[in-house]
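Below are two complexes that have chain A in common, paired first with chain B and then with chain C.
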Partner chain A sequence: MKNLIIYFLLCFSCSLVSQNKYITKTGNINFEASVPAFEEVKAEHKIVTAILNSDNGEFAALALVKGFRFKNALMEEHFNENYAESDTYPKATFKGKIIDFDLSNLNLQASSFVIKGELTFHGKTIQFDNLDILISKNKDIISISGSFKTKAADFDIKIPKIVRSKIAKNIEVTFNYLLKRKLKFN
Partner chain B sequence: MKIILAILLLTPVFTFSQDDLLDEIDKNSNNIENVNAVFKGLKIVNFESTKLVAKKELNFIVSHRFGSIKNGIDTFFGLDNAVTRLNFVYGITDAINLGVSRSSFLKVYDITAKYRLIQQQHNGFPFTIVGFNAVLINTALDKNNLPLLEFKHRLGYTMQFLISRKINQDLSLQLAPTFFHDNYVLIDEQDNSQFALGLGGRYKLGKRWSINADYGIHLNRADNSLFRNPLSVGFDLETGGHVFQMHFSNAQAMNTNGFLGQGNGDWSDGNIYFGFNLSRTF
Partner chain C sequence: MRKYLTLLILLMLVVITAYNYLYQAHRNIETETPEFVVSSQSLFQQFAKNPSNSEIKYLNKTIDVSGVISEVNKQYLVLNDNIFCKLEKPHDLSNLAEDRILIRGRLIGYDDLLNEIKLDQCVILKQFN
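Moving on, here comes the complex of A and B:
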């Protein structure tokens, strides 16, 4: 019995020192590869999971590739089947760290931070060393947003000649997360 | 007690192992999700596939079957006797399609409905089941040859279930139990109500092309019928909004009642038809 009590005390003390985490399951990622005068090529993902450790600025995000929604179903099918190969590579992930993150300095006004980390998609990982992001905080919600440009070739995705002129070389990716304080024992 | 203590002591280790943030959100997702892209085209070759046009999209399908290649250069391998079918299919919802078409084979008009009853899922239901119905109007029948002809004789009906399974990323197979009824058949011995079983499949050779085949087994063909079961083999090539299907078949008709009931070619003596379906999504 005494042991049990000790265990529970240990357990509680653990949670007391455990990190502060902010999480969302409804983060947004958009990408656009449209070429003027051709059919719009863009997609939106509204159910990205992301997590932030507010003690050290570590950040991670995960999107199921099949969750990207396009203008029409055919484009979505081709994206999954021919380009992203989402049956083979179902997840896109990011893992990184916000430099000099300090929770106490955040306020309603968005401030600039730099994040570094690695993005994995289609089985390929690319490194970000200084990606600019904006962070603001409203009560228990931290907002993180930003954008970057990338190329399909960076992820080993081949675009066939016949559609090459209709898909932009530089793909603009934007992201936006509203992270809520994660409750303990949750 | 010692066992319980041991378990309790082991548990915290698990709690601490959540240090990696990504692992914390990367729960093993055994989610049930729908299986897509079972077939590239709305048809395998002759048979309808379980693919449907998406909601609010319009597909225009132009199909050609040339004449028999048997006569060689004399008919330019069948080009001289080509038949054409123009077909519009609209997606009312992702699961309900309506279509209209006109084929120059017997001047057939048809109205079709295709509806998905259940979709194959990862970690879920193993098949996609789609219903297909058509009403056909044969406007080639001529009162001069058939004096007792009434409008009802021009009508034909199709009732079909399409049951497909995407076995893996490359291979998809389909069964198509079919009932069809023609109010006018060419020979008396042939029942107006006819039954058939369709078998079909596709195998992807690359990301954008596949080899396809289908075969229809007619279950109550009259003994003295001149028609044969349709066997077709072809390739699908997909380029963005288009799907090209090129194939050989021993049936020249493109409507279900036509290729099942009136396929008159024969693979064994080279009496087959070259054809293609070209589909464009709007």
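Moving on, here comes the complex of A and C:
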């Protein structure tokens, strides 16, 4: 009997969870730290996972660091081995909340919102208090995009002296998610 | 004269080697020999049981995985609801839905938001049935 109650409770809570989630498995994150006249330092990630709870505006994203692709294979290798240390820290994550999120106010025209949360990369966590993002909605798809500037030092990443002049101090990060409504959550 | 010629050839060799090192080609997963050949169930169970050891074992490795397609898209497919495979070249695979396949790719990690193992640069090797 007790098991039965637990079972029903589980089913019920699962069905609650299943509502109003918007998900993508193919989110985009790009970063660039290029210096003019030197080779571009730029990477793209095309398979970022992101989940938005449209009831309360809670948002989470996860990028597997090895998924960042560079044009230059050697640069990609150095990024993974010496800077991001992706064997030790395979994940980059963001967990946060969109302030005053209201699904019913979204439309085709992008409106600006503020998100706050924590970004973890290379084992270091930094806090965002008011990051501007743009959100629009087309039928069952919510689009979230934005950008920010950060520094390698913020994540405890040391850039050796010889390459310091070739890597910009301010790294520009842009992100773009097309989240689809998920009816069944597994 | 001959001294200068040898010097020039040596210099050229150094430049070519340096260039080839700096602008080396990306890995070609399709032509690599897989380090592991596993079924999607076995791979997922290994990660479920011991995520950190499995990460050490599989991260960045080329593997062949067999399984049944549970989700398919132009960009990616999912095997048995838990192995996500980003295709090297996007193409329409909707005719493969629910088929059993063997796929080769590079394992990039475990996604604990969706409980999926992620592979990139995937190519379909075989289609069963």
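The definition used in the following text is that the second predicted complex is superposed on the first by the 167 of 186 C-alpha atoms of A that agree within 3 Å, B and C clash if a C-alpha of one lies under 4 Å from a C-alpha of the other, contacts with A are read in each partner's own complex, and residues count from 1 in each chain.
Note that in this section contacts are C-beta pairs under 8 Å (C-beta built on N, C-alpha and C of every residue); 3 or more make two chains touch, one makes a residue touch a chain.
This structure is a prediction, so every number in the text was calculated from the model and none was measured.
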Superposition on chain A - do chain B and chain C clash or fit: clash
First (chain B), second (chain C), both or neither touched by A:64: both
Which superposed partner A:23 touches (first chain B, second chain C, both, neither): both
Touching partner for A:176 - first (chain B), second (chain C), both, neither: neither
If touched residues of chain A are counted for chain B and for chain C, the larger one: B
Partner chain in contact with A:34 - chain B first, chain C second, else both or neither: neither
Touching partner for A:162 - first (chain B), second (chain C), both, neither: first
Touched partner set for A:51, first chain B, second chain C, both or neither: both
Contacts of A:73 with chain B and chain C, given as first, second, both or neither: both
Touching partner for A:143 - first (chain B), second (chain C), both, neither: neither
Stretch of chain B, among 63-71, 117-125 or 153-161, that runs into chain C once the two complexes are superposed: 117-125
Interface residues of chain A shared between complexes with chain B and chain C: 23, 49, 51, 60-62, 64, 66, 72-74, 80, 87, 90-91
Chain A-touching residues of chain B, taken from the complex the two chains share: 5, 8-9, 12, 15-16, 20-22, 24-26, 29, 33, 36-37, 54-55, 57, 94, 169, 207-208, 238-241, 281
Interfacial residue positions of chain A with respect to chain C in the complex: 23, 25-26, 46-47, 49, 51, 60-62, 64-67, 72-74, 76, 80, 86-87, 90-91, 186
Complex contact set, residues of chain C against chain A: 21-27, 55-56, 59-60, 73, 75-76, 81, 84, 86, 106, 108-116, 118, 120
Residues of chain A touching chain B in the complex: 3-4, 7, 10-11, 14, 21, 23, 39, 49-53, 58-62, 64, 66, 72-74, 77-78, 80-82, 87-88, 90-91, 93, 95, 160, 162-163, 166
